[in-house]
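These notes open a run of structures that come right after.
Each of the two complexes below includes subunit A, the first together with subunit B, the second together with subunit C.
Let's look at the complex of A and B:
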């Protein structure tokens, strides 16, 4: 292991020296290299068993899927040129683009697509990273080289979204694996794909990934010759590297450094709408639930929840904690999803108004005691306010909330808890009052909506509020099988409103997506809420003349 | 009663006379004392509370603001006054350090005295336990322990966990030191005589051994304090402290997480770093000087005295004389 690492280092140094020689001697012919810095790294380049966002960033450049999300948020064709579905929504027929080839020069055919999809259907354990996208798939067939037919057992409302995550792999690379374990252990360090770039080196220990442009890419070759990804252990070091020009681009600029990066010379800091949100979780598990929740019963009073909503100054949270790098949030479906198509714009957010908060509690019968804490029938408005210990923003939020709540006669005690034990404490034990936490939703609203369903409040489930509403659960099932986009939108809008009014969550904000690049060296990036690193953007990037 | 008090008073006066002539000791005492005073009088030293966000006229939070009249050490990533956090942070850092130090001292003394005094299998057992703890690398062990205990969901503050883990792990050197001292004291003539006239173990330990090793315990406690403060800061910096309570380590943790370096906010990370140096340096200086003054083994005249015993075995008299003369000279 050690000797191999050594060898790679020597090769890299040699490569750097050689390229330096080329630059001095060649004159005008030196390769154009885009150097990207990030603080993460792919867990593996095997699409069957990769779980980190970084892996999917690489797959996006190396592999292709039938569909892809356009910067507008809508789904468009990638490998597929066009597609239709039968009236019952159970049969989908895709026609592929012409002239697609694998990185090794072999022609790409519909049989490769069918093979990948059928492999996932047949071995969901081995393909654990993507098998949820083939739920309800029966089989895929390739009647000819240009046509793929997928049959389903129930209609799927978000078919194009699901297919955009299924990267079509080169069957000879994957056919050899007979057990799920073998497939999971495959590292696939030099993947064979159909995308615009081809990985030549991936060294996890050094945190280096190098990819060359694939000249025969069916969508037209990229205008740069090579992309290198360098992992940084420390975000300060990464930002400094961008400042001095050691790297050309940064994925995920830390929020607290963004203002400084904006001031760098020759650097363009890019801020776009993002989907990550943070929220106050209010224990909504019903008292008769098994196991019985341990919470302050006052939390079940909608008036108490309303008062808390009035007592939160979301704009101040965005200013002071998020350093203005986000927007005030309201529903659980961020406006970034689907280019704004899924977010319900008609929800009226509760304004910050401490007088109103006090009025609401006064009218509901909560009277302030000697210490200023309100109570009714012996129940004091005194809550635990917990948050996971791995996020530096949450203690800041907790202190601000505590100060505002105090003005409304609500006493909260902030407490930092290990994230794993906090999860165990919440789901499905329900042993909490208020918790600050956040989500990074999928591009399709299905996932974030599932978080509020009753059957997710089980051990290992996604529900952390204990919200249970049969009407909501039914709507969730309806939207899953509604293929018509507008009809699905109407259902999803209704669901958001329901959750907003019942307040299992009070959403604080939607965080901006932060990127930066050297504007003195490269131009042409597509600045969209999907990030400047998506393949569509990388195809446009060119060196500054 | 009365003569004992006057004796104590005279001893203390003597002690002070010697101590005040030691410049290092005075500096150490000054550093420790100022840190303790800052912790005790924190609310008087700052007009703000540590969680208060400072705002401009328009109500917007002043994040990463450089030092000014209103905030002498600037503000942090959430617009809080760094000076306020520093003095309130002294409370947490010193409390954790002191409590952990005292626990370590208590366990160390208990183990050391028991092992040294009783000897035999008791000594063997206790010292093997000590050895096992000594050979395990401190920091990895403490990190694993704190992280694991926090996952147990014990419903106690992370600070209590820190105090207990540091206190229960950092007593080994003390135990060894005290044991060796007790081994030598228990062989002295007066201990044999006390036993001969029927004194029990408890009486001998309490009246004859403890007073002899008390100075050593005091000096060692002060030294352990510096270690405990450092460890607390280290763990808090790594995110294992209590983020709802400002301590110097927690401040550094936030400064690191929130890119204070990139923001050029030196006023956010330098003060807590210097405060840690301030307090630990104070403890080390004070501890070393106390140890020198109180531990007879470290004083040079004893070594010389012993040397003369070796070179002139049959003549203990001049050696004793020399010892007396030198000890008067300080």
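Let's look at the complex of A and C:
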């Protein structure tokens, strides 16, 4: 009789599964839901302590800052209607927009802005994610409900950019925290903001975030009712979900899948200029640095670096490795930043020329040995070529570089390394020769420029090349306090040229930004030079009739 | 040796194993290269060196591994406290319990189905040896056993979502998150179909192959011939004489598989974005979340040891020879 019981159970399970199969959507007045798929998830919804891009995507929709980046790349007002600064650049006065309310219906005032900014100034450890943006801030004040006055100790060159990252929080939500740890442990799963959407559910474990439209948004309510964000652990599954219509939009289409997605029916795949770049890092830590770098001393010879630059076919890398989803790169400030304003267009890229590479090394006294590898004074041009194991493109770059370098009499041995170990090996130990890696710069060039400064080559710092140039460091400080945009541009152009010529980095390419959406369901996405801009698009999109 | 002594001995060795695992569990993750703080914050974020140092202090990573960190960890574990996950900022115990539930639902369902189907198919194939049924079942099982998990999952995902409209991932639809479980049960079942099917196919092959060879061996024994000679029907022979003996290897296999069930089906969970232990293992490893990894490995070790102990105990009932040993 036992077997019968089993049978009954099997039938029951099957019945549950089958009844589920019959479940289909339906009904007349369904809310309009835009379903977004991504492979990441916000680390937290607490702006004090959120670091991942995904968190900031959500903050843009839920919170508001004084300023925001427009699709043109310029910074425009958001909470602030207009602003002025004193002649010395030390006092900034902002006038707020009218009719702003918090998601709970409470009125929003200038005092809330002042509270947030002062809280960050007072507790930079607690507000670790944004405290960089209030460097040089003395205090914020609210003389009346519509006016915010920010005082600085030195002028700040990128004030509008910095303020665009300072999301104004609802003070009652945050006042209760007295220590940095308490503040950081606050997950803020249902944030109270002033933005166009209000988070109703955030389940990090299930990878689900749901937000409803906030009807009283001061910029005008969105045309859809709800957005859901769903995390996929596997990008193939995400692409399949877009194909069958389980989701309506993919924020980052993997390069390997882009051509496939372009072929999907009813899906529009959009490719726009992006800012992520990959580069060859050449160990530039000075020999007398403490700790002493462990590298092939030939790397200190500018002629060896020049020869390597001649021996890299960047166009081939873009075509073959990046599958043409990007453009050849030269400086560390991609043209996408600030709508092209910050990129130095005068830098002449080193062309691919193996004959020239050989000539340069010949003239510098490097003679080919029996095995074809050049050497001078007993130092062979033989280098480690390492790359982090989490990027599928890097092994292919390494293979191509090795083949080209061989033609120039340079021997490189590719090696894949766990990214954390690789970082520890590089900064500040300097135990490497050549490394392939990449960056995703901020919209303002300040961050990517800071990566090359001397004081970032410390434990926990951002410099991985060990590049040290006092002149560059001084220019970095200068551009921070230069309020005049054109003057700041001139400094930043000079810095790019310096890095380009000294070659701590040889930048291969700037990657395209790849997004896709269901064009049979939604219309009104804003395709700008910044790609499909999410915050602006979510306000505009509406269902296809 | 009587059954009590046998069990006591088994329990003692299980405890010794557990103690070794606890120590290894601690050491294993500390010898990994890399810096957990960097792993938690990732690469493309702006966080100052000072803040990173503060994080290290908060996690207790600024102190020496031996004896400070080790003793702190031992003290915590002995009080049943598995610590707080660095990346999730939640108590490890709480995280594990939540994920364990999800994983048990998925793997449990997959195991039960594959055991029933696999054993039945193995029995049939062994009984109808060298017929078309046997060859067909054998071919299917060999393929199912050898097939890469990830590949099968992706194929079923593509086929199921295209032709049957089944969900492409998750446990429940985003709009149903946070609703009481009983109202979303059909939605959960809907999401379970593809991952369960994947697991069932994957495990089934193994059960079938073991069952087939086991039943064939038993059917060749003299006492089966005797039973047949006594005039018993095929079915009676199978049920009364063959099945119990043939089940022994299957019990071992089930015990081993159930133990590892807790580690989750990493691939299946990743393909279907299923929030279970396997997926958590992977994330914890990538993030070098020591407390979470240790908690998870402890849970895995305990369940494997328990499952083996259970198999040993079951053996004393199924196989008289074990008692006598």
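We take it that the second predicted complex is superposed on the first by the 512 of 545 C-alpha atoms of A that agree within 3 Å, B and C clash if a C-alpha of one lies under 4 Å from a C-alpha of the other, contacts with A are read in each partner's own complex, and residues count from 1 in each chain.
The working rule: a contact is a pair of C-beta atoms (placed from the backbone, for glycine too) under 8 Å apart; a residue touches a chain by one contact, two chains touch by 3 or more.
As the structure is a computational prediction, the values presented were derived from the model and not from experiment.
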Under the stated touch criterion, which partner chain does A:164 make contact with: subunit B (first), subunit C (second), both, or neither?
neither
| Which of the two partners, first being subunit B and second being subunit C, lies in contact with A:418: first, second, both, or neither? | both
Check: Thinking of the overlay built on chain A, is A:461 touched by subunit B (first), by subunit C (second), by both, or by neither?
Finding: second
Counting residues of subunit A touched by each of subunit B and subunit C, the higher count belongs to C
Just checking: does A:236 make contact with subunit B only, subunit C only, both, or neither of them? Give me first, second, both or neither.
both
Query = Touching A:259 in the superposition: subunit B (first), subunit C (second), both, neither?
reply = first
Open item on the list: I'd like to know which partner A:447 touches here: subunit B for first, subunit C for second, both or neither.
Closed with: second
Residue overlap on subunit A between the subunit B interface and the subunit C interface 236, 240, 418, 420-421, 424
Per the touch rule, the subunit A residues reaching subunit C in their complex are 6, 10, 13, 16-17, 19-21, 23-24, 33, 35, 44, 51-53, 125, 128-129, 131-132, 180-181, 185, 187, 201, 203-210, 226, 228-234, 236-238, 240-241, 243-244, 246-247, 418-421, 423-424, 439-440, 442, 447, 458-461
Within the complex, subunit B is touched by subunit A residues 235-236, 239-240, 254, 256-257, 259-261, 316, 319-321, 323, 389-390, 392, 394-396, 398-400, 402-403, 414-418, 420-421, 424-425
Residue set of subunit B touching subunit A in the complex reads 51, 53, 59-61, 63, 77-79, 147, 150-153, 158, 239, 242-244, 253-254, 257-264
Counting only contacts in the complex, subunit C reaches subunit A at residues 33-35, 37-39, 41-54, 58, 88-89, 95, 98-99, 109, 112-113, 116, 154, 157-158, 161-162, 164-172, 174-175, 177-178, 185-187, 189-190, 192-193, 196, 269-273, 275, 279, 288
